[in-house]
Amino acid sequence: MNEIKVEYFAALREHTGLGAEQVRTAARTAAELFAELDARYGFPEMGRLKVAVNDEFGDWDSNLADGDSVVFIPPVAGG
Amino acid sequence: MNEIKVEYFAALREHTGLGAEQVRTAARTAAELFAELDARYGFPEMGRLKVAVNDEFGDWDSNLADGDSVVFIPPVAGG
Amino acid sequence: MSRFRFSREPLRLEECRGELQDPLCGGYASFEGWVRNHNEGREVMRLEYEAYETLGCKEGERIIAEAMEKFGVARASCVHRIGSLELGDLAVWVGASAPHRDEAFAACRYIIDEVKHRVPIWKKEHYVDGDSGWVNCERCAEHADTPPVRRTG
Amino acid sequence: MSRFRFSREPLRLEECRGELQDPLCGGYASFEGWVRNHNEGREVMRLEYEAYETLGCKEGERIIAEAMEKFGVARASCVHRIGSLELGDLAVWVGASAPHRDEAFAACRYIIDEVKHRVPIWKKEHYVDGDSGWVNCERCAEHADTPPVRRTG
């Protein structure tokens, strides 16, 4: 089990009601973690998400390590 | 003979030492007027000139009328 | 001062511009995104920007470095507002200075285009009719009738 | 206020920009030409701009009208300095605001390109070595080895 910090922004922050949380999880990848949290919160559909691991764009299928931070990134809308 | 007002700008102003002058001339067109004044002042070579008649871009070969104003326009260099 | 940054306060444009002055430069192009009173047919009253600032600053810096490298501009920077904005407010500013105008325009355009697509920042629109919503992205309309795909960035 | 004008005084950029604000517009592009410290390999110390103002204002207005028509921008304007300018001074400013950024950029670019080629304004450069000269035009180098042609505009 890893301890992962998950931060939420924008629609995900509003939906979960959380800015961030510590998650104790058996998920090995960001994709598995997303599925686990989606099952818990029922995330809104919002197109193609990216993921950041430790404040860099990451790979959904790379292995997470204990202490990693993860951010799910909905499609952006700057400017 | 027509009385034409000729205004000079930039290199032509400096070359002639005049901002403007009234020219009494037999020149029928701006091209003829230019040749006449070139013979008098020996204008420097400066590429392709345009001409303005009465503060609008004009035609070198159109007839001038008494009281017209003429400006010879060297290549521009704004910005 | 970072070349890409977020600001909670209105920008001081004279200062932003001042950072880009350079005696080698003959051209300076800038772009500003303003809050419009409408979007996709709906009347907007105000909006909020929220950013994932840590990653956003890194990605913004990368974009500016790319623009400087690609177009040979001398200086470039970008500031994006976050927080609550009213109609007409400046949401994003980009500036680039270069020896000639071609490069300044190209860099400025590149930066705003890339920022809009790559920097993690989100916009919530509040409409005149009382409704509100997060704007997904400029290209979302294109995907409207394909099923949403998750997890494949 | 005319959309194209000449100015003997330094510009107040906030005012210039302010004239282009419009609640329908989400994008604002601007361009500034600055006096560089060099041109075509020579060190420039200062310069002078001189304009045929009557015709210049008419032609400038035509260029702006063309840009607004072609690109559908809401507002656009241009101010060109005349008189003596120092290094780093702003020589020309162009701004355009439009619902979207594509149009704002395109209009801004169009205006500066056309102004540089069509508005009767001339620049005299004063060099560090004490020499000075009228800059003919951006394209003169291309004609360098053809004989100068007069009277054929």
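Read from first to last, the chains carry the letters A, B, C and D; within each, the first residue is number 1.
One rule holds for everything that comes next: contacts are C-beta pairs under 8 Å (C-beta built on N, C-alpha and C of every residue); 3 or more make two chains touch, one makes a residue touch a chain.
Predicted model, so just to flag it, every value in this text is computed and none were measured.
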Steps needed, at fewest, to go from chain B to chain C via touching chains: 2
Most widely separated chain from chain C, with each centre as the mean of CA atoms: B
Distance between chain centroids, defined by C-alpha means - chain C, chain D (Å): 26
Between chain C and chain A, distance of the C-alpha-averaged centres to the nearest whole Å: 24
Whole-Å gap separating chain A and chain D, where each centre is the average of the chain's CA atoms: 50
Touching two or more other chains - residues of chain C: 33, 101, 112
Sequence positions of chain B contacting 2 or more other chains: 79
Chain contact graph, described as a line, ring, star, complete graph or other shape: line
Interchain contacts (touch definition) - all pairs: A-C, B-D, C-D
Residues on chain A engaged by chain C in the complex (per definition of touch): 7, 9-11, 13-14, 30-31, 34-35, 38, 45-52, 55-57, 60, 71, 73-79
Touching residues on chain C, where the partner in the complex is chain D: 13-14, 17, 21, 23-38, 87-88, 97, 99, 101, 104-105, 108-109, 112
Chain C residues within the chain A interface of the complex: 33, 49-52, 54-55, 58-59, 80, 91-92, 112, 115-124, 134-140, 143, 148-153
